[in-house]
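Labels run A, B, C and D following the written order; every chain starts at residue 1.
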Amino acid sequence: MGDSSFGKDFCITIFGESHGSAIGTVVDGCSAGLRLSTDDFQAELERRIPTDPTLTSTRRERDEVQILSGVFEGYTTGAPVAMLTWNRDVRSQDYEELRFLTRPGHADYPMRLKYGGFNDFRGGGIASGRLTVPLIMAGTIAKKLLRLVGINVFAHTIQIHTVKMERKLSLEATRQNAYTNSVRCADAETAEKMREAILKARSQGDSVGGIVECIAENVPPGIGDPFFDGLDADLAKIIFSIPAVKGFEVGLGFGSSAIQGSENNDQYAVQEGKIVTLTNNAGGILGGLSNGMPIIVRAAFKPPSSIAKEQKTVNLKEMEGTTVQVTGRHDPCVVPKAVPVVEATVAIVLADHCLRSGKIPRVIGKKEIV
Amino acid sequence: MGDSSFGKDFCITIFGESHGSAIGTVVDGCSAGLRLSTDDFQAELERRIPTDPTLTSTRRERDEVQILSGVFEGYTTGAPVAMLTWNRDVRSQDYEELRFLTRPGHADYPMRLKYGGFNDFRGGGIASGRLTVPLIMAGTIAKKLLRLVGINVFAHTIQIHTVKMERKLSLEATRQNAYTNSVRCADAETAEKMREAILKARSQGDSVGGIVECIAENVPPGIGDPFFDGLDADLAKIIFSIPAVKGFEVGLGFGSSAIQGSENNDQYAVQEGKIVTLTNNAGGILGGLSNGMPIIVRAAFKPPSSIAKEQKTVNLKEMEGTTVQVTGRHDPCVVPKAVPVVEATVAIVLADHCLRSGKIPRVIGKKEIV
Amino acid sequence: MGDSSFGKDFCITIFGESHGSAIGTVVDGCSAGLRLSTDDFQAELERRIPTDPTLTSTRRERDEVQILSGVFEGYTTGAPVAMLTWNRDVRSQDYEELRFLTRPGHADYPMRLKYGGFNDFRGGGIASGRLTVPLIMAGTIAKKLLRLVGINVFAHTIQIHTVKMERKLSLEATRQNAYTNSVRCADAETAEKMREAILKARSQGDSVGGIVECIAENVPPGIGDPFFDGLDADLAKIIFSIPAVKGFEVGLGFGSSAIQGSENNDQYAVQEGKIVTLTNNAGGILGGLSNGMPIIVRAAFKPPSSIAKEQKTVNLKEMEGTTVQVTGRHDPCVVPKAVPVVEATVAIVLADHCLRSGKIPRVIGKKEIV
Amino acid sequence: MGDSSFGKDFCITIFGESHGSAIGTVVDGCSAGLRLSTDDFQAELERRIPTDPTLTSTRRERDEVQILSGVFEGYTTGAPVAMLTWNRDVRSQDYEELRFLTRPGHADYPMRLKYGGFNDFRGGGIASGRLTVPLIMAGTIAKKLLRLVGINVFAHTIQIHTVKMERKLSLEATRQNAYTNSVRCADAETAEKMREAILKARSQGDSVGGIVECIAENVPPGIGDPFFDGLDADLAKIIFSIPAVKGFEVGLGFGSSAIQGSENNDQYAVQEGKIVTLTNNAGGILGGLSNGMPIIVRAAFKPPSSIAKEQKTVNLKEMEGTTVQVTGRHDPCVVPKAVPVVEATVAIVLADHCLRSGKIPRVIGKKEIV
């Protein structure tokens, strides 16, 4: 399997570079018989672009997804679904002066070494947030498959810089409110503080990070594999593929390291004939398998590396120290944009495992004979 | 690829169950020409068992590794290296009463659902810390390969329950001191407090978790792949395969979410003709690739689920609430045992990527013609 | 890995359907630094279309390859190379009446069952010779990589219907003459008889098959893996993925079953300091590994299933017997078109193994610093 | 995935060397709940050793299979089933003089180059017929899974040297008679001639090859994948992994290259409400998918390379021509032994695809609650 592929039964391959001609994905393994159109993708991709223009870079591409294969008469055929979007709003000249300057926090330097200088350095090439668009394309299909079996995946922002979401909302409220503001935080008051943190960083030519939480409701118990394809292991891998992620945890996560077993264990009970746990510190995953409780994971994003402030760097041609100011259009915070991306990646992993275990059928219904 | 396999070029397959007849691994892709004997494995496996008997369960197996294939006249042949150790000190009767009781925090319940009750429930079956022994076997080979190219991997305990390692030691000092005490903490004073935290939990019939940090020195820049096989992504996946892990982070990790880009970015300089960064908040990984600085990762372990305290649970046969006290021999804390396991998994990922990129040769030297 | 992917280090993913909007491939693992342009693909694709219009279907698409990613400033970047060609000359109405008729020899019936009727049945959908175009795209890159290390792959027609190539030409002569006529047979006289066999079948509304032989010169000894990724095993797999292939053999192949060991064994000698075999019955492969002699394989193609003659079939809607005459544009023989396809697939396998074993470097040279 | 692994859902990993301490396999992906004991394996392994001692080498190991994992209380657990058998009857001194002599027809020479001389050269090491024992182990499980869904796989000898099985028996008769003689040919008269051909070669210090045909009855239509995981492609790959195979074909195979489309196409009819074809030239596979007719494949085996006759070879230490006579115990013909091996490999591929498509369930029944 190539390095640009992920998944066993719902297998995605992504391609493209930040300033190349197109980016896209091939989704191999999607069930036949799923209703699918370009509208499905547009709706998801628009959730990626906050309505508040002060929070995001001025590069604003309305990505239009083109479906190249795998859909016929409105339904998936079972063959690979290839999709792409053309890169349009590209201003590559912004990068010419960075040809030999390695931007702190970016992958410029190791990329250049790995690829002997042949990598497309403009906008980071393949190591770019732009590559999250194909993840959302694939995630759109995954989410549609999951919804067929009642699984719902949603994410929201729980921290921007030092502003934390402290209020404890119900899953219901979180799901409904996350997208009502531009930072994707379910609590309006906290959202406003988060927005201010972003604007403050922006005004300083600086940037901030944050934490995204993602929840999957209604995952039946027993999905996943104990070794090495645990749900948590697969989620960790794909989420660490999102640029800027530096941490990942499930349930209480790092917090569980500081409490005792008797506090951390989720005790069992029978409620309405179903087995439930009285707490959900495990975040819905035990031994790599779903236990029927909501799956809860968190991803930590570092502040974007592209900042206007002057930084020390090295000119790789001269091998001499110098300084760099990263100009061009850059987001002061990627967290709001990352919320639907985290959703997409979680959905991809769940779709993969639900297909493998037979919870999602390989063929959805039967084509009506016209 | 089966669920029990990991890696592309250094590919390991593990097998076995906690109370089955044997556990082992097949390592496929090890270079030919590596000097290898059972002594190599014994040395590593003994690092897993702290010398302090008060800290660990009384199940004390001196695992003797048997090499079944892939080694000839003292050197690896390039063919798969299969290894096993027999399970000896097994007291399966301890588990008979747990046949229908699902232990809180364990994978008993989802395992039973996934496998229709056919899973070997004794000791958790495949979902058991016992399966970390094959990881150490494979890790032993990986570490030997890495040492050939100057890469050194070591881990240490930085937190047990609420006791944190606060002193900032050099990498040198950390490497040398970690194994001088039974909790594998490089600072003797902190180690003693950690030991007390474990003993206190034990005396209460309870358990505690903690955090292990692992460092890889001398990894050349440019190792890894941008999507989806980043070093961080692959490390996250394998570390989440270790039982009881609930969180993983690289470099500053979750901490980087709360600082600004200008603080978080590692600025570059030239030192002695080499490119270095002035800080290492990235933990040696940018865009999935090594940047030449030490790789630093952390894994959060939850407290062991097996505790003597009474807990609410469900009898799965009767589907009725009841209580359970997990008797038998259980560790009050797995962190000390987990230190060499984390080391092993990090080594496995690095060996895999170093083979792929040609940094480790497929054949080590040439067999002397006797 | 998805079903539409092949290869470990040089990994290709193909997508598209005969009458969909586009077909293409993503090549993941191509070394960085390979000079590559659309011209390379055009040249290869044109070899697929015999100049003699009487031999091929009247569907004549001049496929123009678009490179979407992985090439920057004229060289491959090391990132996935995605390519496509749009389907233009499509006359889908030809197929409407076949919606419920399963054409003998085609995959219509099992495809319909597998995909619940959602498959794109026009032109066979994914089960179409049209999908060999992406194979040629990927093969073009593979051949360029192989040429860098002196490996040359070429194929020719050795049988059409009952007309066999009996003359024994040198490899040199074969390579030079194969493309001098429209059937791709290196002997002009035999080629003319083959052409007549095709025209005769065509005039009868019938079709003929044949055999393609492919040779790879200069493959260094020791490439391949003993189990399960032998060169022969991988070649067999990819060649059986070409539509219409029903047989595959290496060296003497089926012929070696009828002779004795003493005749079949290739004895060794030293010639000009190099180890050679005095015969090459093994076709250059022993135990899955190249032995340094030319690799010789053969693929048997059945006659095309689409024929104008009336055949018995079943209407799947009514589940009743009926007859079908396959109209539309169809080749009376696919063998001439298949010659470059076999070449491409052999090149893909060899590039994959040469990358794995380090014979082809991951980076070709170093980008000149302008 | 390692080179020593095969399959996606029913994934086998094999290990061992001809004269190492043990050989075995790990089967990952076997459904939970299959009744399985060592007796199942013994029965299959005994079919590998013809009762007629004049036909086989005098190395006669009664392989006793040990199950290491994955079976609990008589049923598979869903965890990997690891199995091994110890190599006992090993006379390695026979090989010492071959350390630097490369035997014609064997993989000695390329193996030595690939592994820098570190490979275990005794008996061919991993490139040995001995490695077919793990294939039979895995095949035993595959066949049991297939039988649950009514699929029956069997093989028989259709050619030894120039003696061909000409009589056309029914599938029924073939299945019942194949194992009634030591060459595994379903026709007693032909079998006797085949036996004579083997004995004649043996008496001359020579060897003969032959052809094995394998049939799978009752495979439901629609199993397989169009690209690249066609049933035929996967069968070709695994069968070419069996040592000594040089050719593979499906249905008419090479024969279909010499007839016309109207003769080769299998026309459809409805019989007893089921769709059938009136002929089965396709051998049950169209476009990589089963079409519901019996799957029929053939594998061509070359004569064994180890012969007593003097042959030219090279001393690799001195790089000088010399001669070799391969002494030791060697089979004059591997075809009879290969019959159950071909069966096993076909069963492995079918089990893999039946699991993937849901035709074989992941859990067989539900464990009775005692």
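Brief remarks follow.
Quick note on the criterion: a contact is a pair of C-beta atoms (placed from the backbone, for glycine too) under 8 Å apart; a residue touches a chain by one contact, two chains touch by 3 or more.
This is a predicted model, so every value here is computed, not measured.
Note on connectivity: the fewest steps through touching chains from chain A to chain C is 1. Centroid distances built from C-alpha atoms place B farthest away from chain C. A comparison of the B-D and C-D interfaces places the larger number of contacting C-beta pairs at C-D.
Inter-chain centre distance (chain B to chain C, centres taken as mean C-alpha positions): 45 Å. With each centre defined as the average position of its C-alpha atoms, the distance from chain B to chain D rounds to 38 Å. For this pair, chain C with chain D, the centres built from the Cα atoms lie 27 Å apart. Under the contact definition stated at the top, the residues of chain A that touch 2 or more other chains are 1, 3-5, 8, 14, 79, 114, 126, 226, 357. For chain C in complex with chain A, the residues that touch the partner chain are 1-5, 7-8, 11, 13-17, 20-24, 26, 28-29, 32-33, 66-70, 72, 75-82, 84, 100, 114-120, 125-126, 317, 363-367, 369. Only residues 1, 8, 79, 226, 357-358, 361-362 of chain A touch chain D when the two sit together in their complex. Across the interface of their complex, chain A is touched by residues 1, 3-6, 8, 14, 102, 104-107, 109-111, 113-114, 124, 126-127, 131, 159, 161-162, 201, 204, 206-211, 221-230, 232-241, 243, 245-254, 256-262, 264-270, 273, 275, 277-278, 282-283, 286-292, 300-307, 309, 311-314, 316, 319-321, 357 of chain B.
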